[in-house]
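For reference, chains read A, B, C and D in written order, and residue numbers begin at 1 within each chain.
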Amino acid sequence: MGANAVAVVGLGNMGTPIARNLLASGYAVTVYNRSRDKAEPLAAEGGAIADSPAAAVTSGGVVISLLSNDAVLEQAALGAGGFADALGAGGLHISMSTVSPETSRKLAEEHAKRGSLFVAAPVFGRPDAAAIRKLWICLSGAPEAKARALPILNELGQRVQDFGDDPGGANIVKLSGNFMILAAIEAMAETMALCEKNGIERQTVYDFFTSANFACPAYQSYGRIIAQRAYEPAGFVLELGMKDIRLARETAAASKVPMPVADFLFLRLQDAVAQGRSKLDWSAIELATAEAAGIPVPAPLSKAS
Amino acid sequence: MGANAVAVVGLGNMGTPIARNLLASGYAVTVYNRSRDKAEPLAAEGGAIADSPAAAVTSGGVVISLLSNDAVLEQAALGAGGFADALGAGGLHISMSTVSPETSRKLAEEHAKRGSLFVAAPVFGRPDAAAIRKLWICLSGAPEAKARALPILNELGQRVQDFGDDPGGANIVKLSGNFMILAAIEAMAETMALCEKNGIERQTVYDFFTSANFACPAYQSYGRIIAQRAYEPAGFVLELGMKDIRLARETAAASKVPMPVADFLFLRLQDAVAQGRSKLDWSAIELATAEAAGIPVPAPLSKAS
Amino acid sequence: MGANAVAVVGLGNMGTPIARNLLASGYAVTVYNRSRDKAEPLAAEGGAIADSPAAAVTSGGVVISLLSNDAVLEQAALGAGGFADALGAGGLHISMSTVSPETSRKLAEEHAKRGSLFVAAPVFGRPDAAAIRKLWICLSGAPEAKARALPILNELGQRVQDFGDDPGGANIVKLSGNFMILAAIEAMAETMALCEKNGIERQTVYDFFTSANFACPAYQSYGRIIAQRAYEPAGFVLELGMKDIRLARETAAASKVPMPVADFLFLRLQDAVAQGRSKLDWSAIELATAEAAGIPVPAPLSKAS
Amino acid sequence: MGANAVAVVGLGNMGTPIARNLLASGYAVTVYNRSRDKAEPLAAEGGAIADSPAAAVTSGGVVISLLSNDAVLEQAALGAGGFADALGAGGLHISMSTVSPETSRKLAEEHAKRGSLFVAAPVFGRPDAAAIRKLWICLSGAPEAKARALPILNELGQRVQDFGDDPGGANIVKLSGNFMILAAIEAMAETMALCEKNGIERQTVYDFFTSANFACPAYQSYGRIIAQRAYEPAGFVLELGMKDIRLARETAAASKVPMPVADFLFLRLQDAVAQGRSKLDWSAIELATAEAAGIPVPAPLSKAS
């Protein structure tokens, strides 16, 4: 493979548009996914399909990972058939998953033992933003690693922000951002319940604030979902969000930083899971507020169902 | 006075630019302020100065009130020298203060007894937004009252949103919005503490999020204050903010709507007042998080001072 | 009537045993209750029945009130047919209801205008403790009022504690105590959920702690109810408890004292009411913890019913 | 050594009275402590002193461990010079430290590999209770292990409660109990602040409740400390308490049980540590409530010092 070869490991709803964009930009892309059927469409667009993470990478090459959690990521890199050994001396691992800072620090060490570089590069933005290269990317790691990752990341997002040399730094920012999103969701939930209970339409409240001092993507996208109770299909599945808030909480405890709102939100998510809402969009924590306020909730979403 | 006469009662940092804009738009403006010196500059621009709220209004005319709290507003309308009796039959009171929905409902009733109309029209936006007619205005009240208020309000803001016929409706939305702002402040405070404790600059965190999914006025204006700890001079004084969150809490309790984050934020404000921070900007609740996280706080802002 | 005449207004589950004990101690007792049928049994034991609060008292005599809330108490004392005017000069009002300190202060003033004395004397202990004169009584008011009330109160409880001259003082202690009870309930609820989820029997946990460092009535009585989920019939109805915690919250806010656990408990109660649990014992807030933990709750108590 | 030989590893303020009681009961006791000076007094009373945990135990004998945290316990059992290997086939380890259930489960497994038995037997009660054999002991582990431990434990406490066969069960109960104690402390702190702010003496409030429905050791011992602000010398050091509440929180998260009050209390402790209070008695979390309420705190305890 040539200098512009890139492996993409993990073809979920973020990995697929990212691989597609790299293909369109002229990279030679080899993809790996646990279930091969998600890889087939990319082969039709010029990508190569590998049968293991190790087989996807070339020695000294670049691998981008987009996996669902810390354990899956560790397995793909360091487990049997993992890519870390194959990547070898001179390689670069761009880890775009939302994982703990500890996992990034551990991977950076493991890659260093093998002569490879590592950056954490988690993203904000949803699949449709990924498709049009509008992601916001958080970057951290050793300077030479970041320098080499930057041209590739610039193909994928509208902004790449450097958060320093600690490999876990970008993960902390990503976890913080997800916490801020869920805090915004809770604030909107309490607001809409108060307004609705007083005869003011949720949609009107949404329209007003997201045109005024809250005119930004976090409020616009989740406010709409809450106002319309459009929790299915989920943009971001509640149980995945719970994983992220758990990581934020644990990072806060390890850092001796009090995050009382994060603690509260974790319980909201935990309660939602107990109510059978783990597959809904995570903004469905709103339903707890509505129910406690005595606001009728559509039957398919209510606890009783 | 002619049909375009308007009285403005209360010349704080919102009342003054609003009176000025009305003068510039050709209204015949009479102003009243408890301390007359704040009225003088407007006289130089063509306004008339009254010696009491009652003297500021004309029978059947329009009065705009912009006062600091429920008690002051009630006094100006219904107390000795108040304008309600003078406004009389056919008058219109546009109440732009941030007060409780109960006060608006009570005033609407009192005005109705005298044959006058009432609307609540609290605003979002700071004095500089008021100066350039960029306020967002929440409106509620009887249809004929709103219809008559609308042309005037359109001179003052970029958007006027109708929140229904309950005179208190707009107040509920305003209190909700202030709650959402303070929730955003707390979320940023926890985030910045977590990042700073892990070696990531507050300013970088601010720059990133307010360019990305939190690119909206609430986060941009307060995020900057928090990142720089620019709590003095205050844009919005903490003790005034505490009044608003107290009203939100009371409205929530009266409406049987749980607002756990609002409850928590009220305690944050109460604690800040106990620490001698009542005159700082209300985003100074951030200092409690920093102190509990063991992050150094500049001496003039610390508890020990 | 003689010097040992006492009127008892309010024959709920506390007023009745108190009136009975006074009869047994030789007092001449006249009773009043809104529904007369609750008074009949006391007539059989030697009591007189009055047709109004005013008719129950004698000028310069003693009246004990035991009513369900502030409004009912105010009505019985100051409303039409109320006893305050009839009590007149030299009278004494012993108010044993759980009400706000403000109501006690107001009543003390109103009685003073009429030449009467007032004490607040709310109690801890349940109806069975009242029956055997084992109540704990909180007392506050003017010294001469307390001195006169003391011999009567000593007939009713095992301990009378003086909490000072502010008529509202005893109410603050009573509200605080109810807050402490509910905090204990929540702590037991979280503990039992944690243990049960780990395979440890609730009843065993209860037996152990209430024989060890929590061997006291608050934990023993409510712990048993929680361990057995014996929420019906209610010892203390949830909606009444919610009133008390609301009063505690409001007193805290007025006193500028942060009570975060009280705020949280208020939401727990509010949520329980929304789930249709207002008539259960107030320790039924435990069900929220169980449900959120995924612990099966008997069908008649679950939300779905 | 004979059948009644027991090793005691860890001579802190609990280990010492326990070793002394075993000596007095006729056991042949060998002690080990990291700093040998704490062992000397026991030698004078007939105990033998060992130079390592391994040297303290006999093959097939009994060892009691009383150590400060999970890591120290693991080291003493499984580390270099640890007792697990020396204990060997037929041995019994009675672990009385407050540690996580995971540590107990792991130790039970490790001992099983070596043919030894394990019980967790954490205690409630302070050093003076240990001295007079009045501890309350929580017990869990395999039936044969518990049967063998019981006669020894009966020498040490007034009650031994069996919490099942899961080796971690007793630890969960112990962590729960510490949580309940700290919840009681917070409830008293909020109560005393409310009362004091309204002119009612803290000591009077304490006397009343701990003679009435809260007449039990947890409230009596900690209530006195809070009422008198006797946080030094510490009965239970705040930073140790923080370790326990952290373990409770983690166990709750792992068990998917919401413990919102535990979460809140953890932040209280974390904040107290940031204020330099880690060496005070853990009931010193009370100071945060007092300070936020604007109640004067003695200078040596205040944040400013």
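Following the convention adopted for this analysis, contacts are C-beta pairs under 8 Å (C-beta built on N, C-alpha and C of every residue); 3 or more make two chains touch, one makes a residue touch a chain.
Just so it is clear, the model here is predicted, and its values are computed rather than measured.
Listing every chain that touches chain C and chain D alike gives A, B.
Chain copies chain A and chain B are related through a rotation whose angle, from the C-alpha fit, is 180° to the nearest 5. Contact count check for B-D and A-D (C-beta pairs in contact): higher for A-D. Separation between the centroids of chain A and chain B, computed from CA atoms only, is 37 Å. Between the Cα centres of chain A and chain D there is a gap of 41 Å. In terms of their C-alpha centroids, the spacing between chain B and chain D amounts to 53 Å. Residue numbers of chain C whose C-beta contacts span two or more other chains: 256, 258, 260, 264, 267, 270-271, 274, 292-294. Chain B meets chain D in the complex at residues 267, 270-271, 274-275, 291-294, 303-304.
Looking at the complex, you find that chain C touches chain D at residues 101, 124-125, 136, 138, 159, 161, 163-164, 166, 168-169, 172-173, 176-177, 179-181, 183-184, 186-188, 190-191, 193-195, 197-200, 204-205, 207-209, 211-219, 248, 251-252, 255-262, 264, 289, 292-294. Touching chain D in their complex are the following residues of chain A: 246, 249, 253, 256, 258, 260, 263-264, 266-267, 270-271, 273-274.
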